[in-house]
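Input: one structure, supplied below.
The chains carry the letters A, B, C, D, E, F, G and H, assigned in the order they are written, with residues numbered from 1 in each.
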C-alpha cells in the first residue's frame, strides 16, 4: 500500500522538504504533493498564462484560478491531507483546503504551534489529528503502516 | 420560495444585524442563521456544558465541539452561505466554513474589503460571488427572487 | 404533491409565460422558476452589483457569476428541469444547465424543433423526455399527476 | 503521477493532435481520450450497430446512444476535462460535457476564442480555467506537475 | 411525521387500492404514489405525446420514456418503496425499480407469494423487508409510527 | 426552524422520556423519534409479521429486519442523532447507528457515563459531542437555537 | 486503458464465453466478471457455507446472501455492465443488477431479443445502449477504444 | 483482480493471522489490513505522539484520534470489510466500523459465535454475510474468485 499525501499550507519556508526527508529516512511509502512552492511563480502564474491583467485584483483572480486547478487535481488524488498553520500570513487558502478535505471525507492532519490553539479551535476540531510538529504528523502516518 | 442563509464570519461587530435589517426593508423571504454572536458565550460554552477543563487548549477544544455542532446543523439547513472576512482576526473558522460550503455544493457568497484581495484570492476563486459590502451580497440574493 | 420546475433556455421570447399559463389552465400543482428574463438586466447585473468592469469580457464574467448564483440556487430547489432550444443563439448556458441536471439526477425534459435533431442528438439522448413543443412538455408533467 | 485528460469539443479539425504533440514535446505524463474524431463514423455508428433506422431523427438517436456510451466511460476515467469551443457548429454536446464535468467535480478547462466571451459567459464561469488556445491549456496542466 | 410511499409493481389488478384502504382504516399518515394504473394509457402515452411511431418497438420506447419520467420524479419524492411481485408477467420494471431503490438507499419492502422464493432470492436479499401480503407490508409501516 | 432528533440506544429504562420532558420544559422546537421502546414487541415483531420462525436465530433475524426498517426511515428523517450508552447490554445496534450517523454526515451526540471512556474511545472520537447526561445533550441542542 | 465489464444475466448457457472469445479475437483490453456460472453451486453455496437450512426459502436466502456479496464486490470494480435477457426464466436478479448499475452511474448495455421489447421497455429506456446480440454489445465497446 | 480486506474487531488474540494464513493456503489474491494489533501500543499511541495527557479520558481521546486516522485511511482503501465479534469486551469500535462500512456501501461480512445472535441481530441484518468462523468468511471470499 502506498499513500498520496497533499501538503497544504504556506510556501515561505521549507517545511515540506522537512517532511519529505523524514519520510525517506523512515522509508515510508508516501508520495507527496502540494501547492507551487515558488512564491513568485505562484503569484504570477495567472498573467503568465492569461497575459497582463487590468489591475492587481484581476491578476490575483487569474493566478488563483490556476493555483486552484492544481490543488483540485492533486487533492482528488490524495489519500490524506496535512495542513500546516504558522504565526505569519492569513493562510486562508490553507484553512479552505482543510475545510474541503474534511467535507470530502479525506483524512485530515493539522500541524500548528500550540499557542495558536484559540483562533484555530473550530478547524482543529474538524481534523482527525492535530499536532505541533511535522515529526508528529509523520509518526501518525508511520503508525498506519505498522504491524499489519 | 424561501431561502435559509447561513452567515459565516467574525462575531465582533453587528454586520449580521445589518444584513437582517436590509433584508427586512427589501422584504426578501430570507431566514438567517449563524454562529453564536455572544463572544464570551461562544468561548465558554464548552466548560459550561462539559465542566472545567485542564487548560486553555482543552477549554477551546470543548467549546469548538459545541460550536461546530451548531454550525454543522445550521449549514446543512442552509440554501446559501455568506462568509464575511475583515481586517482583524485569523478568521480560520470562516475560511473553513467557506471551504465546506464549496465542497458540499452550497452556493457561496464572500464579502471582503477590496484590499484583502491577495490573501483571499484562492478562497475568492472558489466562491460563486465575491463582493465588498453586505449591501452587494443582498442585492445578489434579491436578484434570485426577481421576475420569475 | 407539488413540483418545482426550472425552465432553462433562451430569454428572448415569452415561451415561459406560455408554459405557465397552460399549467394554470390545467390546474397543475407546478411552481416555476428560471433565469432572469429581462435580457438587459441579465447582461448588466454584474456591473450593477460590482461596479464598472475593465472591458466587456470582465463585464460578462461579472454578470455570469450573479446569473449562475441564481441558477445554482433555483436548480437545487427544482424537482424537474425543462430546457428549451431554438434556432437562434448559441444557447450554451442552456446546454450546460441540461448537462448539470442530467449529472445531478434531476429529471430532464428537452424541447427542441424537430429539425435541430442532429446538433442536439447527444444532449437529447441524455434527457428523459425530448419533445417539440411546450404543450408536449406539460402533457408529460400532467401525466405524473394522473390517477394515483 | 499520471493524469487522464478528456478532450471534449468539435471533431472537424485536428486541435486534439495539436494538444497531444505539445504534451509529448513537454514530456508531460498525460493520457488523452475524447470522442470519435472520424465524423462520418460518429454519425453512422448507430446504424452500423443497430441496423437501418426509420428516419434521420432515429438514426441520430441511435448514433448518440453509442457516442454517449463512449463519453460516459471515458469521462469517468478522466482526471481533468478540457472543452474547446469555436466559431462554428452548435457544440451543444461540448457544452453538455462541460456541464457534466462541473457537476461531477471534475476539474474543467475551457478553450474559446476571446470574441465568443458573451455567449459562453455562464459556461466559462463554471470552469476552473478559461483560456484562448490549446497552448495555454497545456501550460496550466504543466503547472500541476511543476516543483513538487 | 408523514411518509411518501411509492408502490412499484404490476398494474393489472387493484392491489394498490387494497393497500390504500387499509392505510386509511389504520389511520396511518401515508401518502401513496405509483405508476400509471390505466394499462392502455400507460402503453399509449408515448404516441399520445410524441405522435405516431414507426413500429411497436419505437412505440414502446416512446411510452417508457414518459413512464420513467413519472417513476423518476415520484421515487425521488418517496421515503419508502414497496414492490409487489406476482405469478404473471415479466415484471422487469418492478425489479429495476427495486434495484434502483436499494442502490439509492431508499428503504425497500418486497411483497411476493412464498412459492416465488427461488427466482426472487437475490432481489429479496437486497430488500429490508420481504413479505407475502400487502397486509404484512402495512403492518411493517405501522410499526414505524408506534410508540414514539 | 425545527429539528428532528433520533434517539439511539437501549430501551430498558425511560431516558428518552427524560429528554422529551426537558425539551418541553425548555420549549425547544425538537421532534423526537427512536427505536420501539416496548422491549417484548421489539423482540417479537418479526414473528408477529412473518409468522413463526424455525428457531431463535431466525426469530431474531425476522425481528431485526423490521426494527432496521424503522431505524432506516427515522434516521433518514433526522437532523441530529443522539446515542446513549450505559453499563449494561452489548448495545451493538446503538454503536452501529452511531457509525451510520457519522458516515452519513448526520451530527452525532454521544451520552455515556465517564467510566466507560475506554471501551467507547474510538466511537466517542467520531462523535461531534460526547457528554455524560441527557441534560448536557439538551444544553448542546439548546445552544443551536440561541440568539440567531 | 483497460475496462472491467460485469456480465449480468442468466447462467444456463454459454453466452459469456461467446463474449469473452469475441473480445479475444478483437484483441480488446477487456476483463470480464459475472455471477457464478455453475448453476448448482450457485443454488447450494448458502448451505455449503452456512450448513443445512430449515427449508428451501431459507436455503435460497442463504445462497443469495453469498451470491449478492459476489455481485456487490464485482460490480463495484466494473467500469461497464452488460445485462442479457432471454425468453426463459424470471431474470429478476438481472433486472435488479441493471437497475443498480443505472442508479450508480455505471454505463449499462442491455442485450435482449427484439420480441421482448414490450416487457423490457422501461428497463431498456434506463440503459445507455440496447442491442439484440452479444456481437453488437462488443462492437459498442470496441468503439470506445477506436481512434483516440 | 485483487481485493483489499479490512479486518475489524478485537485485537486480543490471533484471529487475523488465522485468516491470513488460510488465505495464503488457498492462494487467494487478498491483501489484509486492520487496526494496530499490539494492544499496549494502541492504548499508548496518543501519549506517544502528543505527549502526556491530563488524565485517562484525555489519554484515550488522544489514542483514539490516531487509531481512527489509521482506520479511516485503511477502510477507504478496502474493497470488503470483515468484522469479528466475540464473547468478551464491549467491541463498540468494531460495531461502529461495521456501521460505517454498511453506510458507505462497502461489502460487509460479520463473524460471530452463534450464541451471540440476540445482541447482534440488528447489526447482523445490516451485513451482507453473517458467519460463525473465519473459515466461512474466507470461503465466501474464495467464491468471489471462482470460475470467472
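A few comments on the model shown:
Methods note: a residue touches a chain if its C-beta (ideal position, glycine included) is under 8 Å from a C-beta of that chain, and two chains touch if they have at least 3 such contacts.
Just so it is clear, the structure is predicted and the values come from calculations on it, not from any experiment.
If you compare D-E with C-D, the chain pair joined by more contacting C-beta pairs is C-D. The contact pattern of G-H recurs in A-H, the pair among D-E, C-D or A-H where over half of the contact pairs coincide by residue number. Centre-to-centre separation between chain F and chain G, using Cα means, comes to 39 Å.
In terms of their C-alpha centroids, the spacing between chain F and chain H amounts to 23 Å. Mean C-alpha positions place chain A and chain D at a centre distance of 31 Å. Of all residues in chain D, those touching 2 or more other chains are 65, 68, listed in ascending order.
Only residues 56-57, 60-61, 63-65, 67-68, 71, 85, 89-93, 95-100, 102-104, 114, 116-126 of chain H touch chain F when the two sit together in their complex. Note for the complex: chain G touches chain D at residues 1, 3, 79-80, 105, 107, 109, 128-131, 136, 139-140, 143-144, 146-148. By the touch criterion given at the top, residues 54-55, 58 of chain C touch chain A in their complex.
Residue ranges on chain A touching chain D, taken from their complex, read 4, 31-34, 36-38, 41, 45, 48-50, 65-66, 68-70, 72-74, 76-77.
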